[in-house]
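My questions will all concern the structure given below.
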Amino acid sequence: MKAGGSEQELREAARKLLKDKKVGVVVGYARGTGELRSTPAFIRHGKDADRLIFDRTCGISLVPHLRKALKALPKGAKAAVVAKGCDGRALVQYMAEGQLKRDDVVIVGVACDGVLDPRKSDVLSDSCLRCRYPNPPVYDVFVAEPKAVGAGDEYAAVTEFEKLGPEERWGWFQTQFAKCIRCYACRNACPMCYCEECFVDQTNPLWFGKSAEQPDTAMFHIVRALHTAGRCVDCGACERACPLGVRLGLLNKRIEKEIKERFGYTAGLDPEATPALATYDEEDKQEFIL
Amino acid sequence: MPYNPYVPIPVTVQGVRVESDDRTLRTFDLAFGEETQPFDYLPGQFCQLSILGKGEAPFGLASSPTEKEFLRFTVNRAGVVTTALHHLKAGETIGLRGPLGNHYPVERFKGRNVVLIGGGFAFTTLRSLAVYLLANRSDFGDITVIYGARRPGLLLYRDELAAWEKRGDIAVHLTIDQPADGWDKATGFVPDVTRKVAPSPKDAFAVVCGPPVMINYTLPVLEDLGFPRERIYTSLERRMKCGVGKCGRCNIGPKYVCTDGPVFSYAELAALPERL
Amino acid sequence: MNEWQPKILAFLCNWCSYAGADLAGVSRIQYPPNVRVVRVPCSGRVNPIFILKSLENGFDGVLVSGCHPGDCHYISGNYIARRKFAVLKAALEFMGVEPGRVQFSWVSAGEGEKFAQVIGQVTDTVKGLGPAKRLVKTAEAPGVAG
Amino acid sequence: MSSILKIRKQELDQLVAALVARYRLFGPVDLDGTTVLREVRSADELRLGAALDEPAKTVFFPQTETLLHYDGDKVEAPAGRDKPTAILGIRPCDAKSLVLLDRVFRTGTHQDSFWQRRHEDSLVVGLGCSLPLETCFCNWMNLGPFNADGSDVMLTDIGDAYIAESCTDKGERFLKAAYKSQVQRPSDADLDKAGAVRGRARAALKPPVDVPAVKKALAGLWDSPLWDELTLECLSCAACAYLCPTCHCFDIQDEKVPGTSRGRRIRIWDTCMAALFTKEASGHNPRGSGKERMRQRIMHKFSYFVDNFGEAACVGCGRCIRMCPVSLDVRRVLERVRDEGAAKDQKSAKGVASAV
């Protein structure tokens, strides 16, 4: 894929940030192996800015890489990060959760048309097909023009799935779990999985077995979905990271829907809002409680 | 049944003794079950002790092969398995795999002087070695023990140390980090005491066991004193699972602590890339 | 004939529901004996992991019971819990786990009758569902073949 | 003498039936869009030729394996096998990985009985690799898309049929027993086609990097900043290790059935990329940071394994590249190692020169 106009703008923006000493590093995308993959790039010198790309292959969430880059920088130094709409939402959620100060990071927003599902070379990721937030909610620099906000029913796939009977739904999830090898690529690629120690790595107590059998694998995925409930920005990085095509974004989306309908909260839009599961409303519905 | 390196044999707890005054160390004497074949071993080797349902962990044999009646282990309570071991009572059965790993080169020690240098609760296999040397006393030259702990109450096998001090055929130098009430022996860290009291390197071997920091400071002292690297031995610890060279976690460079070690000469260690 | 009896685990908050259970006992109100109780300081202390772990360990149903809204000893523990449980319930149902397996209730210290009634209701529901299969870790894992 | 015969694709059933009669047969199958190795009983389950997402090791060294069952103090080893194992349709890279793993599990002071009893008497019917992927680099590792090492029989796909060739005595005996007199010999045209397929596959691979030079360079790069840089890119997940056909590290865990005295001890794949791998109960961790873990992974594969087993622990299957969530390419790592090593050599040569 050729470097388009916005890619040149992106490189120019990176060069300027480095030249003006606004940031110590620009975390962005470079070409990975083959035409369909990208890889994280840590640009520290203007001359390397030409490595930067942005196109439909840039499906990694760079937020985990930004976290590492910030740690590696001297105290007080800032990092810039290339952020799609979903990545920007993840950064906003970080701010809402007290994980990142707005001033620590320079957000280079990019207009996103969706990224490819790495397992199907010419199809957009599920999360992109239903995306309503192509532009980061906050940014310092924006490369090219912001996109029109997505329309359509973002929960169509959830609604469709719910039409199936419980047996079929369970069967589908069992198939997904059967593919899982517990490499934790989903967790490590997830911007919101930033715990210092994940519950599956705790040994005393050992919450769930370490086997790749059921229900140990299921428990990992369910608890991960619950831990990201009200925080997940549906960037789809987990599904794209999965080497075996486990598709659990649907469960996250269902949880997101519940939280939106019940509590009127959508993650990653407002850095001042308290995350849905860290607060309450006395009037919350409780029809399910005996 | 075909050979299976992962199946432990049952052993019975004969006796349990609280070893340190902070109760974090316990010594277990184990006996072979009726249906299990006793094995032979040499000082420096280790076993995997297992509590079914909790797991396994490696421990150096603190008994000497000359003590036929029991296998002795001293266990520091740190994780899940060691905590479960600390709850054991006499008469209970646990699993054991071993003996594993290599051993101190006792054949090479024959006719030579041996100095044993220990720190903290890593004195276990040194006890095994000392008892072995004393049981075959005429085979060896001078035997010197230098052993230190943070406090007197953390020294292992205190009754035995006292008995050795009374014997004329083994020199014992005990030390603690800081002066303490009632302590009339040396104070100071093991490397410093070693520098003061170590015997001549002539015809001598040194064996060092202790926490990594103690080993790191003691090895150069021995070298300064004139011990060649080939005659300094140490025993290493690493997190282990299989104990038989397969599971891949205890390596230091290309060497596996479980099968190539745990005993290494300083010369071998110096050739490895990773530090302790 | 021996009817199958479900095993149900109940996490009861120390201040209300546990006292409610106590009152039911002292008042000699009959309720099904299928429930094992874990006393917790607050319904807010119940991590969804506890509930999932109970199912994995073979409980056919799980009940979490706390103070009525406004009565929480820690002011807001049950409000926060209510949000967590709503999400957990939706997620499990979406996956095809029977909704009756995991239930929630508010029972105050004075509601011995209600406690007995909740236990009766939960037990009946779980009985209707039959033994739990989904998310249960079976006693013997597949042996080594080949 | 080795047998060569032609198996029409619509007659693959006969081969599968012959394998199933003698072996517990594993082959590539589709699982919701992912190609995995599973037990198969008939040819129509197979998805031959698709790039296998799981490595062949899963057959002999499954991700989860019961080492023993226990009840109270009583310990029981799991029941043995009933039939030997066969694998159909793995590529030569995967077949070679089994040879390397056999060295790990079968040599040294202890033999791994679990690996042994599965691997012993096993039969591998490999499928030559007609279409190397962009991520393939078997030629770097002294292998090729039709390398026979590890296969007992090798198939070459010529379109409507496979040319089957025995590579070992075991493979020869199997083909003889399976096909007896009804063998269809390939025509010269068939053999030409097979030759062309092989030639095309070899030509598709990119020129290799000198891997022995990489091993030499690694010796001097213990403290290289390379490891820090790679750690920044790497997510520290286990995709590369678990999907690597030669990675063999494992963990051992005990499980207990709640409310009983019964349970099992299992082994599960583990990875040197995880902090927990070497963390001791005291909290001490000899490989406490990502840098040390990244170094361990590369060193183990391309240096230590060579020291211990004579070859690198890599067969160039490229799964770690294809499956890496961040497209961290091990070939790029090896090139960087080689270049840094060369730069270092040059520097020290200069140093010597100036000292003289």
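Order as written gives the chain letters A, B, C and D; numbering starts at 1 within each chain.
The rule we apply is simple: contacts are C-beta pairs under 8 Å (C-beta built on N, C-alpha and C of every residue); 3 or more make two chains touch, one makes a residue touch a chain.
Quick caveat, the model's predicted, so the values are computed rather than measured.
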Between B-D and A-B, the pair with more C-beta contacts: B-D
Farthest chain relative to chain C (centres taken as mean CA coordinates): B
Between chain B and chain A, distance of the C-alpha-averaged centres to the nearest whole Å: 50
Distance between the centres, which are taken as Cα means, of chain D and chain B, whole angstrom: 39
Centroid spacing, where centroids are CA-atom means, of chain C and chain D in whole angstrom: 47
Interchain centroid distance [CA atoms averaged], chain A/chain C, Å: 34
Shared interface positions of chain B, touching two or more other chains: 79-80
Multi-chain contact residues (two or more partners), chain C: 137, 141-142
Touching two or more other chains - residues of chain D: 64, 80, 114, 251, 253, 255, 266
Contact set on chain D toward chain B in their complex: 67-68, 70, 72-73, 75, 77, 80, 104-105, 108-114, 117, 219, 222, 248-256, 263, 265, 267, 270, 272, 277-282, 284, 286, 296, 299-300, 303-304, 307-308
Chain D-facing residues of chain A, complex: 32-34, 37-40, 42, 60, 64-65, 68-69, 72, 119, 175-176, 178-179, 181-185, 187-189, 201, 203, 206, 209-213, 240-245
Residues of chain D that touch chain A when the two form their complex: 31-34, 36, 53-54, 63-64, 134-135, 228-229, 231-233, 235-239, 241-243, 251, 253, 255, 266, 268-269, 271, 274-276, 319, 321-329
In the complex with chain D, residue positions of chain B that touch it: 1-8, 10, 50, 52-57, 78-82, 93, 95, 212, 237-239, 241-242, 244-249, 251, 253-254, 259, 273-274, 276
Residue ranges of chain A in contact with chain C within the complex: 158, 161-162, 165-171, 173, 199, 207-209, 211, 213, 215-216, 218-219, 222-223, 225-226, 229-230, 251, 254-255, 258-259, 262-263, 276-282, 284-286, 288-290
